[in-house]
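Each structure below appears as structure tokens.
In what follows, chain A forms one complex with chain B and a second complex with chain C.
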Partner chain A sequence: MTIPVLQRETWRESLRSLKVATWLGWQIESNWTEPFLFAVYSIAKPVAGAMILVVMYLVVSGGQTNNPLFPYIYLGNAFYIYVGSVLMGISWAVIDDREHYGVLKYIYVSPIHVYFYLLGRGVARTLTGTIAVIITLTFGMLVFKLPVNLLTMNHALFWPVFLIGLAGLALIGILLAGLTLITARHNYFMGEAVAGALYLLCGAVFPLDVLPKSLQYIGLGLPMTYWLEGLRRALIGTSASPLLAPFSNETILIILLGSTLLVGAISLGFYRWCERRAKEKGLIDMQTMY
Partner chain B sequence: MNNFRREVMVFLRTVRGRAYPRLIGLQREKSWMFFEIFLPLLGTSAFVFIYRALGAKPEFTGFVVLGGAMTAYWMNVLWSMATQFYWEKETGNLALYLIAPTSRMAILLGMALGGMAATTVRALAVLLLGSLVFQVTFTVSNWGALVLVFLLTLVALYGLGMIFASAFLLYGREAWHMANLLQEPVFLLSGFYFPIKSLGFWISAGASLIPITLGLDAMRQILYPQAGWGFLDVGTETTILALLSVVFLIAAHRMLLFLENVARREGRLTVRGQ
Partner chain C sequence: MNHACAIKTENLGRVYQIKRKRGESGPTTLVALEDVNLAVRHGELFGLLGPNGAGKTTLIKILTTLLTPTSGHAFVDGIDVVENPQEVRRRINMVSGGETCGYGLLTVEENLWMFTQFYGLDSKTARERIQSMLEVVGLADRAKTKSYHLSTGMKQKMNFARGFLNDPQILFLDEPTLGLDVQTSRILRDFVKRWVRERPGKTILLTTHYMAEADELCDRVAIIDQGKILACDTPANLKRRLQGASIFKLQTTPLETLDHFGRLPGVSQFVGHRRNGHTELNFILEDENALVKVLDAVQAKGGHLLSLEKREPTLEDVFIHLVGRGLSDETGD
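== the complex of A and B ==
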């Protein structure tokens, strides 16, 4: 076969892996119960998560929602749902397939690309995450009159920021999946630990300005900080963070793109290294029974 | 008489035997302790910073730190009590429990006592670290009442955990999702991060069925007597917690018998990978 034909075949195989993994992931996420209970599950969790922050805000503000911090907190929390979904979705795919279903070794010997398979599992979690984000945003717009207008919002900023951010999340998820491959007793905590740390450090639900200086610097180095800031600016037009206010929209987009490319390079290299190490040490079919 | 004594001894030995792995597990993998303290502390810190960004009064930081510490118990009840029989079924241990010549209540009680002790270490660490990092000061107005409320909260809470464990005996994969579903909604309804009174009387009254709601509220009143955010007075909340403790323990016993029979009849006790 010539090189272009080989490349075409590789791409076709990768796309097939992505498609099949997405379908499989969706089945695992949704077919554990009746559609009604799945709908309740999909609505109750994100709405309750958002309501915790809303009640905290209302208790302090005495019922007022006109403070610019309110949409800041609400939108940050709504979009942060993606962080948990994608990071945990991809890294948990390794745990589920290796420990729970015991099929990771079969996936490795089948004619699919594991990298795209993992991304596909992340896509499935992104789909369920999207349902939760839409429900949370709709709830906020209807009940709390969030100042978001889907017609007049800055689409030119929103879509590039949104898609680059999701790609960045998927790449961090792959990095965690690599780490999961070579760890035994701590892989259950990793996705949660990274998602929890990002929640604190990237100004998801409060402006970075309230963090101690040293943590602010870490926050400014994270792509997710610029992702959430860009999304807020695209949806409500303003920033409630004096620390990020000097950055123009273009600067936010460029930093997000640059940091995502950097994360991507690190993630790909690290995953390949972890995969090789897992094969050398016979960890692909490890059963820890934890 | 000898028979009764032997049964009591078997019951106690079972409690000790089931509590043992929970306690010994604490020191078997010490790095887990770090994660189990570090993870709730991350969430708690984020909530403290929200209150700081909003300019809330200092007692709200104390409310959050206390709520953050108590999340350890709720998570333990969900993931190490409610879903435990599901995990045991998956690993093939459940059948062994059932054929063992001992009381299933003793197994649940052992799980609860071991879990309580192990979780208390984590909750205390979150409370101490949270208090140190965020400079929280608690003024205990009545130590006796605080200890009583705390103990009653744990008894009622783990009684509820035993009920869940019996109910989850029937579940397969749904158990994981159901436990997941009982996180954020319960954090909201029980006022883990804000005073429950702010949800209004009827929602707070309904949420009082979850023992941690009244337990947290009473503890906050004892630790911050001047804050004025109490839902009911401490005496009433203590009485309700005592009632819930009794009711939940009896209900757990009955449900365990009933649901074990249902699970046996429907052949669900040995189904794995569901």
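== the complex of A and C ==
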């Protein structure tokens, strides 16, 4: 009966890692200032970021919000808040623990399960990101008459797409965390670079159709493309992307699931490889002092 | 406790690659450990004594699964540290001295609580252990203080307390008293001694370059230098190797050159230092008669004797005898 006992222990350790890391992430995210300032910062920053593009659109279009492109841009921007939050929340944990707090080696010496630990560290930022997304959407519905109806929206499509997409983002976060483990502190540029590239390639602000053919293929290979497409279809029933229009909702969901599983396998394998390299090169407790 | 040895290494080696810029000369590899064979028994407080850069921390990093060896094998409680690191981590903990790590935004208690949870302690046990360890390190009144308000020494104490929270089967202490004041070091040393004595079967591997610490605490000591184990025995047996030898410490007025002292007849080993305003000469002599030649040589160099002391052998003398330089001499001069 050794194997079942070990498996039970592994699961217990995984859940513990997730729970404690979630608690830790929340303490780090929320403890740096007064609760009021924390709330203002957590909400105002991403909302302001999303609004910049909306304002630009309104200026260029002369204030037209009835163009189908407007809800496309607005929803893409609103949900893109998650990309930065989840990716950075997870990958930044490695830099934070190793360089800032100097505890990564002690965490690694304890019986944690590193994937669950990293996911837990990302939960806090995902939660603050969720609040920002809800506020951005509410603001859009009230001020810009965004055609989203919470009662008639396609819940059966929205929730699976939403959750699978978040899982995909978390898995890409683990990939970035692996990269961070084997590189120096300046690797935080990598997170921003990846978030920026995804912004361009997954149809967050404009349909893939406007990209050159080669970039369209890259965009079609990214789970985030189908995530945003699925979310738009679920919330407003339509999309402004002719390239994705032939795909049914079910097809979008299946492609999203398949590409997320693929990205997941690559990310977890890549993290293990990075971890092995880090142990070979003595990087687990590296402090670059940059 | 399933295996004969708590810690075992077989021909363990670790070579670091050194990155050099184009055109820069020098070696491209650094041998940190070479063919290290150790067997630490359950219940032992085992010391690894050596100067900075001897390979002590590298060995601890391998044994705690943070670093992979480049050759050989290492086992903790019979488990291969490379093959099954997670199983090793369930049995161990580690404290590195001189470190001020910790989440500054968390209180001392929260920092420690977090680690108890990683080890799966229930709340009651966790609270009791945290309280008990905070009392040991003198931080009980700081439990609710955010750790960024702590002094460097207090952070080190918090880190020390963290290492004992899970009551590990095997504990690695890497220079645990480094940078701490004398009184605190004494308290922690007493606690370490008590901890291992009161818990039969628990094992501690302690690295230090303080010979008194190794002498006072350890059941057995391995002397390590440049990645190689030079000797391994009880402190008493190691010192017995110098039985019959005469050990003298001389202080003289400042002397220009010291090299020739090591070549005097009857001098087995010699280490000299220029201190503030005087020169300190440490000799291991084959017999006391050689002292006359030493004193003549001091006089010949224009020096005057300020003090002369005959000592019992210490572990530092054993180290000098084995290596030809002192523990505090990084370069050996």
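For this structure, a couple of remarks:
We take it that the second predicted complex is superposed on the first by the 287 of 290 C-alpha atoms of A that agree within 3 Å, B and C clash if a C-alpha of one lies under 4 Å from a C-alpha of the other, contacts with A are read in each partner's own complex, and residues count from 1 in each chain.
As a convention for this text, a contact is a pair of C-beta atoms (placed from the backbone, for glycine too) under 8 Å apart; a residue touches a chain by one contact, two chains touch by 3 or more.
If you're wondering where the values come from, they're calculated on a predicted model, not measured in any experiment.
In the three-chain model built by superposing on chain A, chain B and chain C fit together without any clash. Of the two partner chains placed around the shared chain by superposition, chain B is the only one that A:Y57 touches, whereas chain C remains out of contact. Shared-chain residue A:W32: touches chain B and chain C both. Using the contact criterion defined above for the overlaid structures, shared-chain residue A:L24 touches chain C, although it does not reach chain B. By the touch criterion defined above, A:R16 lies against chain C but remains apart from chain B after alignment on the C-alpha atoms of chain A.
When the shared chain is aligned, chain B and chain C each come close enough to touch A:Y101.
When the two complexes are overlaid on their common chain A, residue A:I112 makes contact with chain C while staying clear of chain B. Of the two partner chains placed by superposition, A:K213 touches none, neither chain B nor chain C. In the superposition on chain A, contact of A:D285 is made with chain C only, not with chain B. Here chain B and chain C are compared by how many residues of chain A each touches, and B touches more. The angle formed at chain A by the C-alpha centres of chain B and chain C is 80 degrees to the nearest 10. When the two complexes are laid on top of each other via chain A, the two nearest Cα atoms from chain B and chain C are 5 angstrom apart.
Shared contact residues of chain A with chain B and chain C: 32, 101.
Taken together, the chain B residues at the contact with chain A in this complex read 29, 31-32, 35, 38-39, 42-43, 45-47, 49-56, 60, 90-91, 172-174, 177, 180-181, 183-185, 187-189, 192-195, 198-199, 273.
Of all residues in chain A, only 9-10, 12-13, 16-17, 19-20, 23-24, 27-28, 31-32, 101-103, 105-112, 276, 279-282, 284-285 touch chain C in the complex they form.
Of all residues in chain A, only 32-33, 41, 44-46, 48-49, 51-53, 55-61, 67, 69, 73, 100-101, 185-186, 189, 192-193, 196-197, 199-200, 204-207, 209-211, 289 touch chain B in the complex they form.
Only residues 16-17, 61, 64-68, 86, 89-90, 92-94, 96, 99-106, 110, 114-115, 117-120, 162, 166 of chain C touch chain A when the two sit together in their complex.
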